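A, B, C and D are the chain letters, set down in written order, and residue numbers restart from 1 in every chain.
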Amino acid sequence: MNSRDVGMGPTSSSTSPQAIPDVQSSVDNRHIAIQSVGIRSVKYPVLIELKGQKPMPSVAEFEMTVYLPPEQKGTHMSRFIALLEEMQGHALTIASFRAMLRDMLERLDAPSGRVQMKLPYFISKIAPVSGVSSLMDYEITLDGHAKKGSEEIWMTVVVPVTSLCPCSKKISEYGAHNQRSHVTANVRVDNDLDIGLLISSIEQQASCELFGLLKRPDEKYVTERAYDNPKFVEDLVRDVAIVLNKLPEVGAYTVEAENFESIHNHSAYAKIEKL
Amino acid sequence: MNSRDVGMGPTSSSTSPQAIPDVQSSVDNRHIAIQSVGIRSVKYPVLIELKGQKPMPSVAEFEMTVYLPPEQKGTHMSRFIALLEEMQGHALTIASFRAMLRDMLERLDAPSGRVQMKLPYFISKIAPVSGVSSLMDYEITLDGHAKKGSEEIWMTVVVPVTSLCPCSKKISEYGAHNQRSHVTANVRVDNDLDIGLLISSIEQQASCELFGLLKRPDEKYVTERAYDNPKFVEDLVRDVAIVLNKLPEVGAYTVEAENFESIHNHSAYAKIEKL
Amino acid sequence: MNSRDVGMGPTSSSTSPQAIPDVQSSVDNRHIAIQSVGIRSVKYPVLIELKGQKPMPSVAEFEMTVYLPPEQKGTHMSRFIALLEEMQGHALTIASFRAMLRDMLERLDAPSGRVQMKLPYFISKIAPVSGVSSLMDYEITLDGHAKKGSEEIWMTVVVPVTSLCPCSKKISEYGAHNQRSHVTANVRVDNDLDIGLLISSIEQQASCELFGLLKRPDEKYVTERAYDNPKFVEDLVRDVAIVLNKLPEVGAYTVEAENFESIHNHSAYAKIEKL
Amino acid sequence: MNSRDVGMGPTSSSTSPQAIPDVQSSVDNRHIAIQSVGIRSVKYPVLIELKGQKPMPSVAEFEMTVYLPPEQKGTHMSRFIALLEEMQGHALTIASFRAMLRDMLERLDAPSGRVQMKLPYFISKIAPVSGVSSLMDYEITLDGHAKKGSEEIWMTVVVPVTSLCPCSKKISEYGAHNQRSHVTANVRVDNDLDIGLLISSIEQQASCELFGLLKRPDEKYVTERAYDNPKFVEDLVRDVAIVLNKLPEVGAYTVEAENFESIHNHSAYAKIEKL
């Protein structure tokens, strides 16, 4: 991330910034407010520090928007990037994410706004029998809604797991179809949240959790554990809902599960909303 | 789409269907309703017939879900596919989409449900000067929410257009940056809707509309037209909102615009909701 | 696909096409040939007719390119679209695809060129016990390389199947992890090829084939069949290679298999090339 | 990336690893070698250090494969992950990537193999007039092919730029359509390569380079610069080829350009191969 000379030489464009008209700031006569305007699909490196885990470098994709009142022609897009630029080198926590939201409203002179950032996240896991460790990747999204004076933070985590079909197990002489599933929990974070605890709480509701690295005794273990814990897609969302109901840090939530069925070319899907 | 013998020979599995336990129908004791359960990422050919256009074959991706009451363990996933199978060969209109929603609730014995289907759609367009014709592709989504006795239908269309930056035009001695943009209108269809009219209404709000095939005189025309009609992403959503407000077939709506900026590696984005 | 008035009114741009300079046809002095130049990500409806199947409407994504000699500044992009436009309403067979390649070389005045088209394709399948029928979707790509006087056609088909892990079965007291897998066969089509036969030949090498619609007796059947036919990703590609070696219509090929592992968050992958 | 107790408690599966059969190592009688077998779509954090830049944390997606001889039934998938695990905390350079390839062959006891890793990469750039700095993201892929005793390393970088159409400029009274384009250079790295130099060399061939953050005087500058430097997709690949020919660190290469046309809903595309 060294800076680099852009190699364009001195510019012939000697107009002073002051003399350049500011079209965005002109008055708009259509009398239509815009609920959200800003930037999307911006990638920036981040150093994320979630409760219970060390700071971790990752790369986030941002969407940042604010409310634009009816009388204003346009927002100032470059200020969003300036904010990302200034965050470089600072650890991003739930608290600093709240501060970032407040900062955005101030820079854009906006009454409300939203920042969504999606990033790959890693947790080191220990294989159940051999004890070998490896990283598992999860997709995490922080979604902050800000109004003057308050912020509401939602966190989404996509947890890949194994699901094994109870019907297939019950009706078959031997075997049972199973597959990778995604459990997606989207939770309102009233207080800071132990991300490792949230993820492991979800994983324990699956037929079995996943690991990057498994030795043969581990493979035997996860195969048998999945067979011992058959779960429909409906069971996954219900059992995760029960766990989320017990976590004091979680306010409202939705939980979804998608089974990438091994016997079909489509998914089974379920969703519970508690708002 | 001929049927094909699966070539597995006679099955050794002689159990009669009656004797096979129905796990999904058993009673659930967790007392948690599931708002949506069903299938996702199912591809099926469709023959779609929208107002003002001839029936057109396409390929749709479906998500179909129903409400599952607390006391029922699972839904019957195969009934969704059976419904798709029976629709083969019938033209899909807004009216038959409503009928499909009602049919789904009945088959699944459900009080509410939803069908989303996304498909590529084509409209033949005439180049503005040469008069040559070519197809333009649009992504259309039908989204139907059904409760016993009523259905609400939403239609989403993604309309690719050109946007040319008013600020860039104003401040530069010559030229102006422009780019492809997506205008996405998500409208509640209170009555049937002329899709060609909706799309052309949206396209006329852009700096310029797109065409598959342009001759040189057409290229001159669209270049100059875009330069004559500079629009910010904010202008796009406001001007499309004004047009949607005038269409009597459109109830509530959201309109989004995303400019895949030619001077940045990210998008400018805006959204107006009228609910 | 009705034509639609573009609603732009009479153009003020009255320049005649003859008077507009043709920049692409000017001479280039860099002395660098371009192996491939053309269009990409073009969607067009097609009516595809493959051996052993009825004509089927679908939507294809095209890439069409030609060789550009060193002395020519640019190709004529609009001629590719004109060719697609003229194909509308004609069934696309392997023979007509060859004709399309020759037509492209002629229109673009090029010594060589390539057309790739990818599309969803459907085959109706019969469930193994209940006999209910449903469609399965496959992704098919036709890839034609043309030189003056000859064309070489390759066909790729992605066949989704079930794979069940032999190691997991062997080492576990009960159960075995299984998952959806993609077998991708990319074959040189020396003569026309029965696509139904190619797909079913591949499916029979898997632990089990997939179906859109399965009743409970079918689910019992496919569960037990997969358990009776464990296959590593290595077994999949080897067994498909053996089958492809026996098909007289198939020349060179590559076969790949990707298992979307149910016990990991990554895939197992294998490839055999016979060129 | 703290390790985390998996919370499964002591396993009831007390079988010792030694007693568990090793199916992969058994003998295969089909007499078919597999050119590539391994893992795909594995995400792992990396610390990448390219010539001329500081070490940078990122997240890479890996594909790792080896050759499997005819007589061996399966490879040992877990060894690939073990290798990734041991790389944690070490900076990845071209030299250490070569070492990783050699290590992989040894661990898998394979005569040849390949590692591909794709990751987002960032370079800090200075806006041309205002001098404000911001990050630009690029997608980089390292692709190493190893045989016993030698490795061949290829590096791919996707460089997003602006292209402005020379034909549109020439034939229009005012304006010219322009758009974001991707220039993709895939180069054989005979010696280590200054990534900043490679990227800026490519960017200088475009109508204009991109920046994350531009003030109004910068926007004027890039608008006018693009208008002053019109380039067809053919010009982009030819001019980048000329630059690559002059870089002594670059051996063979392919260069592609894709223009996401602002006047069409498809791309213009060109490719030059020098092998």
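The criterion applied here is as follows: a contact is a pair of C-beta atoms (placed from the backbone, for glycine too) under 8 Å apart; a residue touches a chain by one contact, two chains touch by 3 or more.
Note that the structure is a prediction, hence the values are computed from the model and not measured.
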{"item": "Farthest chain (mean CA position) relative to chain B", "value": "D"}
{"item": "Shared interface numbering between chain B and chain A [over half = same, under half = different]", "value": "same"}
{"item": "Rotation angle superposing chain B onto its copy chain D by C-alpha atoms, nearest 5 degrees", "value": "180"}
{"item": "Rounded Å distance between chain B and chain D, as computed from the means of their C-alpha atoms", "value": "34"}
{"item": "Gap in Å, rounded to a whole number, between the CA centres of chain D and chain A", "value": "24"}
{"item": "For chain B, residues contacting two or more additional chains", "value": "20, 42-43, 137, 167, 171, 212, 214, 216, 220, 224, 265-266"}
{"item": "Sites on chain D touched by chain A in the complex", "value": "1-8, 11, 13, 15-17, 20, 22, 42-45, 52-54, 56-59, 78, 81-82, 84-85, 88, 120, 122-130, 132-135, 137, 196, 200, 204, 209, 212-217, 220-221, 224-225"}
{"item": "Residues of chain A touching chain B in the complex", "value": "20-21, 23-24, 28, 30, 32-43, 63, 65, 68, 73-75, 77, 166-167, 170-171, 232-235, 237-239, 241-242, 258, 265-273"}
{"item": "Partner chain A, residues of chain C touching it in the complex", "value": "136-137, 160, 162, 164-165, 167-168, 171-180, 208, 210-212, 214, 216, 219-220, 222-224, 226-227, 260-266"}
